[in-house]
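Heads up, the thing below is written out as structure tokens.
Order of writing sets the labels: A, B, C and D. Residues in every chain begin at 1.
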Amino acid sequence: MTPVQLAELLLFPGLTFFVWLAFLFEWLERKTAARMQGRLGPVVAGPFGILQPVADFFKLASKEEIVPSESDPFVLRWGPALYFAAPAIGIAFIPVLGYQSVLYHPLDLLFMFFVLGFSTLMAGLLGYASAGRYATIAMGRLVVQYTSYEVPLLISMVTPAVLAGSLSLQGVAQAQAPLWYIFLAPMAFAVFILASLAELEKPPFDIPSASTEIVGGWMTEFSGNALAYVKLTKNLSYVFLSALAVTLFLGGAGGPVLTADSDVQALAYVCYFLLKLFAVGFLIFAIKTGLARVRIDQAAKVFWTVVTPLSLAQLALVILLR
Amino acid sequence: MSDAPAGDRKETGAGLMQYSPEGMMPFGPVHPSLKEPEYFKLILEGEKIVQVVPRIGYVHRGIERAAQERTWVKDIYLFERICGICSFAHSISFTQAVESMSPFEVPDRARYIRVVVAELERIHSHLLWLGLVGHWAGFDTLFMWVWKDREHVLDLEEGITGNRVHKSYSTFGGVRKDLPEGIGAKVTAELGYIEKRVAYYKDLVQSEQTLTVRTRGVGRISQDTARKLSPVGPLLRCTGIGRDVRTEDPYAAYDEVRPEVQTSKDGDIASLLVLRLNEVLDSCRMVKEALEKIPSGPFKVPFPRTVPEGEAAFHVEAPRGELFYFVKSAGGSVPERVKIRTPTMANLLTATEMLKGQTLADVPVVLTGMDPCFGCMDRVSVFDVDKSKEWSLSGEELRDYGIEYYRGRRG
Amino acid sequence: MRRTSADPLQRLSAKLGGALHPERRTTLLTVDPSKVEEACLGVASLPGLYHLSTITGVDLGDQIGILYHFWEGRRFVTVKTAVPKTAPRIRSVAGALPAATLYEAEIQDLFGVAFDGNPYAGKRLLLPDDYPAEAPPPMRKEADPEKIRRMMKLE
Amino acid sequence: MASFRSGLTQWARKRSIWVFHVNAASCNGCDIEILAALTPRYDAERLGVELVPSPRHADVLLVTGTLNPLMRDRLKTVYEQMPEPRHVVAIGACALGGGVMKDCYNVGHGIDAAVPVDLYIPGCPPRPEAIIFGILKLVTGTPDPVMAGEAHVG
């Protein structure tokens, strides 16, 4: 690996870039929610409170870390790192500079399936290791929810791949140059957003972390550094899923070519990407803020009886039309 | 809160029913959805609740005893602090109970002012409750909106009485001070806004899908159960029994400013939502009507420091239902006995009944649905009522119970 | 209205050997402790009187008075009885009127009256579980709040 | 580097205050005012104040109420679950010293008998402004217990 590649991986458009995006997303999320609720939201940390998530992160990192006596200290110590690793590796495959991503493999879409599943698995493991009663209940809910949304999520991700005839994210993004797949497969996009809400544990599917029912869900027993990383990972996953939606349905970083200068054009691509990313992000904020939480059995029912058939129908339609 | 069960064993030994720890889950006393500490042991079958064992007493302070050692006037301020939400209902109930024992007539103006403030309090309490239902159903946006509007009502209350929460407004022989100048126009303007918002919320709670699936058919109680367990207030009225102290046994000026009793037939949380919002609209109308009809004259008559010997039972319709006071005087400067039965106390049995058969996710919604006010209630406690004998369950029996439960459901 | 529903009350009172005192808002029916369950059931089965508002305990010196308040329209019907402090024991009405369960439990906790047949018999409901055994029930006249506080180490 | 880190921590701690609320036998008055402090008119989130569901996530413990014997041990348990650095704020007359309930038989004289209190906010109940003012006073670094919000007592 060359130094340039390493820099790309760790700084831009790799990890550091996306971690800052994650902070920005949390700020936007809180600010949007606040404005929709008739409040101001954070204002004191940095201009317009933009550094609020950063302040939260460093404050948590500076706090004492309590390891409950019944819990598994090894998992509690290293689990958050693995949990963080899942979206952190995933984002490296997202093409940001034009159709180029930092890491590439012709079958990397399949790897995304693994990343998404792994992240949920780690959440379950962390909850289990912390050995709290609420965490145990949360785990049960997490598993039920996972089994319900995972199938439609995967089917909705396969649909663009079928359209593009490619199993790599770069290939899918490139194939959308003439027409974005959101227009060809709108239902798949809708299913993807719904399933993302479930994967991210956002309302109406914030069942595994429903604070008014089971305290902090599987995060109840975490404190200090571990909590800081767990929260950061959740935000990073948020960005990661939005980025996946952009890549699969909104033409990735693609857009009009403005100049022949490849460096300037790369900047334009980043701008296109960010614009689309924020559009998807706002869509999720808006859905999340305007809805109440559903019950786990209701969520499972919705996913199995409505969302999954919908995604299958979309896939069949796409295959027939191709 | 994983440590909440730590105290469990001790408590079990000291009198609560014994249960096997499998599937048992503590709910409280410190839990984010109970803003007040109460402890519910939920016996679960998967996510389904088969038994509820509440333990109250976490807010017990011993107010009734302290009242016997303080003068009549000091007691007004003590009783007001039983509950921060229905504080005015407590003070009018106590003052009217005492007034009914003495020959002094309360001036008409004071009777009307009491109606105005009591109805404003009902509006504020119901809005507070609607916000909390939203919060506990995971719908924080609704919570924020409703509490924003509630501030308008608090402004009116503050304008009239001088304080937002504990108003110290009603006193023996009338109210402490007169209505401020020009309050009528202000009230009409603010209540117009509230009415518009409440009409919108009424539409919202009936049409918002994610909210209706959480509330429709949840926590259903029948009229028969209601007759048996004597719940009060909206919880009783949502089963179709239209009992309301304000119409059946009018106090203050309720015989001249008459409320329309709201009822519903469904007896579930969804119907409670609509019913309470209808009551808010009705209260808005009553406040305006009372301010129009209000006679001029004195707002207070002098009242002696002692109360003639005798007993009186008095009740008012607090936001949560019938609030009952029994006062006994030996003719001295302190009461001989004051007994208070708060609405939540009467409703708790019904709430445990509503919880059974629901899932864990429904607990906050159902508990909120009854609009608990444990601060009020805590002079008493509760647990299982269904099986009137003491029973302990092993995991095996719990399973059998669950199987029986589902069989009963299918059949 | 009052006349028609007062008549069955008089019949009930005569049957149980009690005394009936109609007052301005409250009709008082005084009965012997052994007849309380019958009296309460009799009152509760009268039209409109099914609502048991509450049960009050009162310290009457050497006796503990127990009052069952039923509400209908503009009046209360109160069944009144008293048990001696030396043997504070009475049959529970919770079997017939489930709503009484808690109110009886409260009196048991605060006045130390035993209710035979109440599901809460012998259990703490309201007071802390480690409420000092040597202290009298807190609502009795002889109980001194200061002393109880000291016993519970609140000071 | 060390000073940068401590500076960063200081900066962060003043801007991110996560509170956990315990009602130790209160009348609800203070509790609804705490909630009101989070709602649009007062909006404590502006200042980074957030209500968290678990004491393990919290920096500040808000305690209201008279502390009856049943809640005394619960309060200690909750306090022990909080990670350092942690602070306790007593809100309302009852939590300060028993308030109007002072001589009831089931009531303690203030929560400082159970947990160390950093700040007292008087009032029955204190207004939301006073609560926000008090929490700010706490994090902007006053070492001694301060009677915060005297001007705002409602």
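The criterion applied here is as follows: contacts are C-beta pairs under 8 Å (C-beta built on N, C-alpha and C of every residue); 3 or more make two chains touch, one makes a residue touch a chain.
Everything numeric in this text was worked out from a predicted model, so none of it was measured.
Asker: Rounded to a whole Å, what is the gap between the Cα centroids of chain A and chain D?
Answerer: Distance between chain centres, rounded to whole Å: 35 Å.
Asker: Roughly how far is chain B from chain C, centre to centre by C-alpha average, rounded to an integer in Å?
Answerer: Averaging C-alpha atoms per chain gives centres 23 Å apart.
Asker: Indicate the whole-number Å distance between the mean C-alpha point of chain B and the mean C-alpha point of chain D.
Answerer: Each chain reduced to its C-alpha mean, chain B and chain D end up 26 Å apart.
Asker: How many angstrom lie between the centres of chain A and chain C, each centre taken as the mean Cα position?
Answerer: The separation of the two C-alpha centroids amounts to 62 Å.
Asker: Among all residues of chain C, which ones touch two or more of the remaining chains?
Answerer: Only 127-128, 130, 138, 143, 145 qualify.
Asker: Taking each residue of chain D in turn, which ones touch at least two of the other chains?
Answerer: 39-40, 53-54, 68, 70, 81, 103-107
Asker: Which chain B residues sit where two or more other chains touch them?
Answerer: Each of 1, 32, 57, 60, 62, 65-66, 69, 144-145, 148, 378 in chain B touches at least two other chains.
Asker: Looking at which chains touch, is this a line, ring, star, complete or other?
Answerer: other
Asker: Pairs of chains that touch, anyone?
Answerer: A-B, A-D, B-C, B-D, C-D
Asker: What residues on chain B touch chain D, complex-wise?
Answerer: Of all residues in chain B, those touching chain D are 1, 3-4, 6-7, 29-30, 32, 35-37, 57-63, 65-66, 69, 77-78, 81-85, 87, 128, 143-145, 147-148, 151, 163-166, 373, 375, 378.
Asker: Going by the contact rule set out above, which residues of chain B touch chain A in the complex?
Answerer: By the definition above, chain B touches chain A via 1-2, 5, 25-26, 31-33, 47, 134-142, 144-145, 148, 208, 210-211, 213-214, 359-364.
Asker: Using the touch definition up top, name the residues of chain D that touch chain A in the complex.
Answerer: Where chain D meets chain A, its residues are 8-9, 11-13, 15-16, 18, 39-40, 43, 45-48, 52-54, 56-57, 59, 81, 83-85.
Asker: Quick one: which bits of chain B touch chain C in the complex? Just the residue numbers, please.
Answerer: Answer in residue numbers: 10-11, 14-16, 56-57, 60, 62, 64-66, 69, 100, 227-230, 243, 248-249, 311-313, 315, 322, 324, 326, 328, 336-337, 339, 341, 345-346, 348-349, 378-382, 384-385, 387-390.
Asker: Once bound in the complex, which stretches of chain D touch chain C?
Answerer: Residues 68-70, 103-109, 113.
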